[in-house]
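Have a look at this one.
A, B and C are the chain letters, set down in written order, and residue numbers restart from 1 in every chain.
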């Protein structure tokens, strides 16, 4: 827990990393941004390694992003499409993992509807690294790392400095406001932990039914005056209303949620011009964000998508490296 | 039952205190009690030195899974686990498949019990199929000798249904036992609702879900005058309410399960479904309050909520895994520890594990309906039925999930060192466990 | 000096103890000038020549070499930097964390690329560099310039320009910078 480096380790929760470990992922990802800009976007770093991508819950963009990352590192990708698999025939998660592992894999990228499934899988596998690609309402660490990376680059650009080698300095002290359904959002949990670890001041706001009883355990504080907070924030993080997790049952209507917490043009005007807005996507226009705001120049959602691949390359590269003594030459 | 047994050199635990005596058991009853008795010819002599001799334990809360769940446990295997844990009688919970909500199923379980190592009495369901709607035929089941009714696994959710059941049960002198959790508050949850559940991203079953139903049922019991037993209470607040209700003269008894006074919610941190149980493991202050409640005699009984599960129902994600854990083979040592280990009062221990539960299940010599079974939980006296246990309070052992008599392996205590070992168990005058080993 | 410190601090459990000063700063400067002349001679000028320093030890020498080439020809050839961490074949034997920027000036197709590194040892870094450069275009030729060739090759790789040939023991370490060349050993702290 709280390791200074992801090298050779699982990534199950943001809590697996210290601030140093977090910064390492961001720095390595900078190198992979450069790789992604080349005409030949593939490097042989993970040649011969096998990465299994197991998505027990549909998520096209996260799956494609992880699989693209693995392929750019020259790893072989074994992709289990749940709809056509033995899981549908009643095979247990444990048996599925044992079967996949017997094929000889080095890492499992796991998305599951149940919180903690990646922790359990990490206990069942014998040698493979486990990367959490989103579990239930628990965490989505790679998304939070993407968001920090994107925000770091955007803040660096605004301040005219290099983001590379800047560590967490640009994020330190930044005022981050997370709005919406915190309770059902694994992105929010990972973001709160990651921003807090980076030294940012994290505040959350949303309907009482959609906030955890104690956000202090995530290093965040509850706020209640949306308009005042918007004017103060350096980073505004919007979340998707997760109707599939029942978050719609916790507010009288999405319309009312949108009226109280949605970011429309009037509220967007309160956000400082040099602030940034993030959204893990897909955006539900008209609920958490109005259509005009979705296209606001401060909105980083496209950069977030683009940065998905380098961050996930960094995660796979680090997790699949082995700590060892270096020899010069 | 023509066994002749002598229990030699032990500390007998009577209702009123302890005394160094030998006991001789003949024809199913205690034939002699006295200091340094001579060994009768042909007697099996049981060594009770450094050990306590008391009435066999009675569990108010065992899931024996038969019929319907024989892969996890059978009446026979559950009974064996009970004997190994020092029990001479078990109340079998009715959440079988089909549920014990009709005479044929109840008669079947009684029959399976008669062929097992100890006395098994089924609890009947309060409602048909434990669905919380139509009443089960409590009168017909009472005619078979059933006195204890519950929909355990699920509380009776609707107050109106519970009130009617209480009015009906009162007329038949039956006890209703409630699993207190309001599903509109707990539904979908899989661990205690707390900062930890929030961090783990697991939906919570809040304490208030239990407490709201405890409060409701105490009011209903007062209102109807029915006899109410509260199953596996898990919070300090629930205990406080029971204490206040008893002071008001409400006919209520309460049990706690060993896992609730030994394990905290922190066990759930690794997402191991072995620690998933309803009601859930709570925070440290509740755990301490329950242990304290045992020592203060604010709780009537320790009941195991022994809940065997086949591995495939536990090797699942935490939210999908079935709730429940084993308890029969570990309850004694854990209760001893909660009562203070070396300082534990053996009289209190036998109250909690034997005498009070026997009274609640109406299995004592004074109860007229006992399914034709022998009497349990009595004071040690010449002529009384010989349901006895000899326990060694100072020897430690290590729990090994693969060495359990239960068919299931879902103990949360695997690898834990437990002080307090069951040496001998005598059921209806017959030696079934001799120095920790089954006799047949 | 920054590079030297960086290299040395990557060994948290050991210290670099020097037992011989092999070249002075002047010796290094003379060697660089000689190698710059050799590059001009061999390539008949520096048209199409691209200098690529390997991160991190080769970059300082590459920069100095570019400066010499500019003095000699009046034109500074393009300078690139390459981090070969991702191309190594010994991932798992050593921490191969990327520690520096890769920036290659344009497509290398048709260029005469001179790889510059501080020390040539097993040859594995150069093999990785050759693989990496392949991803930036089809160079007309690739040449190798090293500050010190210390022997112990594990691959069929030979330098085109050498500052100094230095016989070493396998467990010795060579440190090359513009301030000089030192031979020493890593000693556990």
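In this section, a contact is a pair of C-beta atoms (placed from the backbone, for glycine too) under 8 Å apart; a residue touches a chain by one contact, two chains touch by 3 or more.
Everything numeric in this text was worked out from a predicted model, so none of it was measured.
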Geometric centre: closest chain by C-alpha means: A
Remotest chain, subunit A as reference, centres from CA atoms: B
Centre-of-Cα separation between subunit B and subunit A, whole angstrom: 47
Computed distance of Cα centres, subunit C from subunit A, in Å: 38
Separation of subunit B from subunit C, taking each centre as the mean of its C-alpha atoms, in whole Å: 76
Touching residues on subunit A, where the partner in the complex is subunit C: 7, 24, 27-28, 31, 34-35, 38-40, 42-46, 73, 164, 317-318, 320-329
List of subunit A residues in touch with subunit B within their complex: 92-94, 112, 114-117, 119-120, 123, 135-139, 183, 186, 189, 212-214, 216-218
Subunit A-facing residues of subunit C, complex: 7, 10-11, 83, 85-87, 91-98, 101-103, 107, 119-122, 125, 131-132, 134-137, 150, 173-174
Complex contacts: residues of subunit B adjacent to subunit A: 193-195, 198-203, 270-272, 312, 315-320
